[in-house]
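Right after this note come the structures.
Both complexes shown next keep chain A, but they swap its partner, so chain B is in the first and chain C is in the second.
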Partner chain A sequence: MNWFIKRIGQGLFTIFAVASLTFVLIRTMPGSPAQQLAADIRQNQPSLSARQINVMVEQRIGVDPDQPMHEAYMNYMLNLAQGNLGESVNYQEPVADIILRSLPWTAFVMSVSLLFVFIFGIGLGAIMAYREGSKFDVGSSIIAIFLSSVPYYVAAVVMIYVLALELSLFPLSGRYPRGVEPGFTLEFFTGALHHAVLPAASFIVTTWGGFALGMRGNSIQVLGNDYIRVAKLRGLSDRRIALRYVGRNAILPMWTSFLITVGFMFGASIILEEIFTYRGIGYYMFDSIENRDYPVMMGTFLVITVSVVIAVLVADITYGKLDPRVESGGGDESY
Partner chain B sequence: MSTHETSQTASTEVPDVADPILEIRDAEVYFDMDRGVSRVLDNVSVDIERGEVLGIVGESGSGKSMLASALLDAVVDPGILSGQITYHPGDGSSVDVLGLEKEQLRQLRWEDISMVFQGAMSSFNPTMKVGGHFEETLEAHDYDVDAGMERARELLSDLYLEPERVLDSFPHELSGGMQQRALIALSVVLEPNVLVMDEPTAALDLLMQRSILSLLEDLKEKYDLTLIFITHDLPLIAELADRLAVMYAFELIEIGTSDEILGDAAHPYTRSLLNATPNLDAPLSEMQAIEGSAPDPVNVPSGCSYHPRCPLADEECVSEDPEFRPTFTENHQAACFHWQDSAEVIPFNIERSDTSEVDDE
Partner chain C sequence: MSPTDDGSEKSTDGGTGDIFDFEATEEISTSQRYREFFHEAFYLPAREAWRDWRMKVGLVLIFGYLFMGLVAWISGSNFGVLADVTIIESPRSNQFGGFEFNNEGPFQSWDYPLGTDSTGRDIFGAIVYATPDMLKMTFAGGVYVVVVATVVGTVAGYKGGRVDSVLTTISDIVMTVPGLPLVIVLATMIDPRNPWIIGPLLVIGWWAGLARTIRAQVLSIREESYVEASRTMGISTRRIIQKDIMPNLMPYIMVNFVMSSRQVIFNGVGLYFLGILAHGSYSDNWGVMMQFAYTHASALLIPERSYQLLMPMAAIVGLSFGLILFSQGTDRLFNPRVRQRGTGSTEQDGEEDEMTTTIT
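Here is the complex of A and B:
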């Protein structure tokens, strides 16, 4: 249990550190966003007093340019703790709302991608291992290596060109068909899925190969173990050996990299969603960078960091549960 | 490979046993390799008596593990096993092991002839509890799981383990000695008649080796097992084994009762092996390593394969392969032309006719 608490503490500390870093960046970046915002407001509404402008700036990004550093920091962190991420300069609405609106879409594309990466990667990798040295194995390995060396954004552009522009099989952009009301309707759901195919496929096509090769290597290594031979001699069915012996022992080491891929996908979503004009969290982050919308930038950055921290934390905690050989870091058996 | 033909004729002549449970004839294993045919078991013929403990001794790379795998028709893949292995379950029937269908072979293994591998540490699935291994084995062979698990608990406590604790542990939570004993219990949970053990104590310390050996003796009595114990450690097995068979260069070269082998080894290799073996009674200074190295399976010397290292070798040894022949007694046999002279040329460095001296009491 101690280990568990310690690990969560570490996660919280990381988030805290990132939040503080964001604050420092915002305060010290050349042409400080706070000052820039103040200047913007002054330009638009020259009638306001300096004090009023500072209050407005604080409202927007939680940083009052005239406050002493430590006080401002306290204020900002307290706001954050209450879930107040400030207000978007561009959209004139709370950053938290923007994130709540966009995050589910990113999560949706990511879950679809992860599911298929997992199925293709693990499945093909295992088959490749069982047929080690066959034409299938060699062919798949080459394809896997080739595809995993293609950057996901290149895959995205190629897919847009071929599947969306030339063949018109999939929509070019957007999250769901125009004119369909979001809600629990089949039309909305299939529409959303249709729109998610290309962004998800860009991930899947470029990521499955790494998993397949990893799974292939692990499986081959597991297959060479004595316990597989003993299991065969004990007369266990091939199915049981494949699932309970080879599968389990080969997949386990990949669990961590699988969850780390979640983190990678969050990062990749920034560019990918921009390419597909897919209004997920990455899209808004890109957008905020372009428009110098610092509150949104800070908010999305924080959310992405927190997601990555959570993914790694989940990887760590669950791995100990999945693999009995991994004792919890503190060496006690209480979880 | 001219040696091959001559030994074929010799191989049918094996020491008699009254009630063989396994008859092995001309067992041969080879691998086709780029640089030639690698023959890792060369026409081994031997009978195994019901209820005996047969020790098979040889240096690493002498083919003894191959012989163990051959008994279960479990030679690893590109290896090709030929010859004849007949199993007599004891009800008057006999089973042609190498001629069995896949399913029959699956049943024979573990139900009739079981095996403990070298390195218990790697014989368990690391992500499965020890108890799960017992259950799945019982299920795979359609045994009554409850009764089988009861037997497993009894076996484990016979081996001085706490059954519940061991069954509920993951393999890595047990020490090497505990894993080894759990593996022995797993190998006899289906009540086989024959238990083949390939270096089962190799990774353990001396004390644990001894205690496992004495446990095996009890287990053998209680469950009427025939034990085939394969090891490089001659003195270790000599205490437990009724008979010893010595392997050199993928062939059997001498067989006899433990006392005969230890007291009157006839084959020059056996004598040198005994002299080279560390023993509680022999000061280290007396130990003599055998000169030269074990032969390459692709390129076994012609004639007697031991001739490059043998102090008694002459032209006959180089050109012809010695057949198995009776020595001091009818059933103490050795494959050597000059066995009568071996005692004189290779004297023992200690007196070891009395094996009971090294008892673990």
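Here is the complex of A and C:
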């Protein structure tokens, strides 16, 4: 229970630290967003007084350039705590609305890719370990190493070229087919899935290799243990040994890299969604950088952080259930 | 074996001891000792590693890129004699003449072996000219990650107590902050130009994972009896960390150096491709070349121009493939069981204990 509270506290502190970081960046960097925004407004509406401009700036990004540092910080944090992320300069609407609209799409693509990365990586890695040294093992190892040295955006560009343009199997961009109303209809659902295939695939293809190699290494190590030999001597079925003895112990250390992948995918979504014009949270983050739309940029960054923190927390807690050693000590975890 | 201290002729074993006295007569010179150290520390491991095909291919690729970087550096430098030496011309618009040399395909002429882009620049030249900065970035990023992680990990693991819990909490927090978004936000705000700064910035939070691994390793190593022995003998903490603990950590450090270098390449090229780090020049980075091909030449929509996109991509994949193969090959260096099996000096029961490094 103590461990549980510690993890949650750590998660909250991470969010707090990142929020403070965004404040520091917005407020104090030379040529900071606050100053830039004030200058923009002054240029467009020269008739406004300095006070009015500052009020407008505060409305947009939640930071009033006139306030002393500590008051501005308090205000900013209180606003965030109430879910007020400011207002987009570019779209003229609250940042929270933009995020609520886009986050589910990113989450959808990510969960599909994670699922398949896990299935392919773990499954193939285990088979490779069982047939260590065979042609299958060597061949898959080479393919896995090669594919993990391809950046996901390169895979995306190649897939667009081959599957979307040359073969026209999948749509080039967008989230769902044109003319289909979003709703609980089969047409919408299959359409959305069809559009998600390429972004998800570019991720799956370049990531499964790392998991497969890791799983292979872990399984080989587990297979060498004495308790596997004992299990064989006891006459347990191969299936039972493979699943309960080898599989379980080899997957456990992978859980951590699984966590890191969640964070990594959110980052990857910025580049991938831009390439596929897939309007998820990454797309809007990139868009905000292009247009110097700081409220959206900071808002998306914060929300991505919160999502990762939640994902890590969930995984951490489940890991504690899977492997009781973590809760008791945690001193000698391995990766 | 030396005679006992009381000055008598008797050795500890009771004999007169002239059989074992040769140490004093046959002095090992310093240079010889260095040569032996070099032999033990570099030559044998290198020979061992070379047996592994992954290491061979990886090293050949990495040295190929270093050579490319050297060629570009010599060609571009204004340094004494080197100012007059130009092996490959710096790429510029219409460098082969007029517009008829725009969008020339690859493998047609030795002047532009990989073709030209939509304004007539030599693609091969641009790839070569982008190499030195890429290598600087990669190296700087790798060193940054390894140094920060080793310092944090060893101090946390060895000191323990409050220092440990503070450092571990910090690493945990850094580990959860999503990497690429943070890098993008910082890159937009700071807008760095120097490759030695861009490199570390691209992997700014990457040290945390390695620091935790190293801490866990140090925790288990410090309980070993030989470390305990050093401590009882009154050897300083610094020396214990250097002599007893560091050698055990080398595999992790090497592998992570390579993996974070790869991350620098991926993130760096990605940010240049998106235009977040780009400041104009075509031969700045392979990512800029991809961006130009993607936006200016529409290489994705016009199949005849796809080579403009594929060539810089091949450069990226080649370098990171080399790095991964190299890191996989180091398994053999650091894992004594695998090493013994390789030389055949000790019989092992076949299948077990090959440590394979995880790539994430």
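Definition applied: the second predicted complex is superposed on the first by the 326 of 335 C-alpha atoms of A that agree within 3 Å, B and C clash if a C-alpha of one lies under 4 Å from a C-alpha of the other, contacts with A are read in each partner's own complex, and residues count from 1 in each chain.
By our rule, contacts are C-beta pairs under 8 Å (C-beta built on N, C-alpha and C of every residue); 3 or more make two chains touch, one makes a residue touch a chain.
Treat the numbers as computed from the prediction; the structure is a model and nothing was measured.
J.: Taking chain A as the common reference, can chain B and chain C both be placed on it without clashing, or not? Answer clash or fit.
T.: Here chain B and chain C can both sit on chain A without a clash.
J.: State whether A:Asp226 touches chain B only (first), chain C only (second), both chains, or neither.
T.: So A:Asp226 only meets chain B here.
J.: If we overlay the two complexes on their shared chain A, which of chain B and chain C does A:Phe286 touch? Say first, second, both or neither.
T.: second
J.: So, does A:Ile270 touch the first partner chain B, the second partner chain C, both, or neither?
T.: second
J.: Please tell me which partner, chain B or chain C, touches more residues of chain A.
T.: Of chain B and chain C, the partner in contact with more residues of chain A is C.
J.: With both complexes overlaid on chain A, does A:Gly235 touch chain B (first), chain C (second), both or neither?
T.: first
J.: Is A:Ser202 contacted by the first partner chain B, the second partner chain C, both or neither?
T.: neither
J.: Give, as a whole number of angstrom, the minimum Cα separation of chain B and chain C in the superposed three-chain arrangement.
T.: 9
J.: Which residues of chain A touch chain C in their complex?
T.: 10-11, 13-14, 17-18, 22, 25, 29, 132-133, 145-146, 148-151, 153-154, 157-158, 160-161, 165-166, 209-211, 213-214, 216-217, 220-221, 223-224, 254, 257, 260-261, 263-264, 266-268, 270-271, 274, 285-286, 289-290, 297-298, 300-301, 304-305, 308-309, 312, 331-335
J.: Give every residue of chain C touching chain A within the complex, in rising order.
T.: On the chain C side, the touching residues are 54, 169, 172-173, 175-186, 188-190, 209, 212-213, 216, 219-220, 262, 265-266, 269-270, 273-276, 290, 294, 300-301, 303, 306, 309, 313, 316-317, 320-321, 323-325, 328, 351-360.
J.: Inside the complex, what are the residues of chain A that reach chain B?
T.: Within the complex, chain A touches chain B at residues 225-227, 229-231, 233-237, 240, 244-245, 248-249, 252, 323-325.
J.: List the residues on chain B that touch chain A in their complex, please.
T.: Residues 72, 74, 76, 106-107, 109-111, 115, 117-119, 122-129, 133, 136-137, 140-141, 170, 172, 186.
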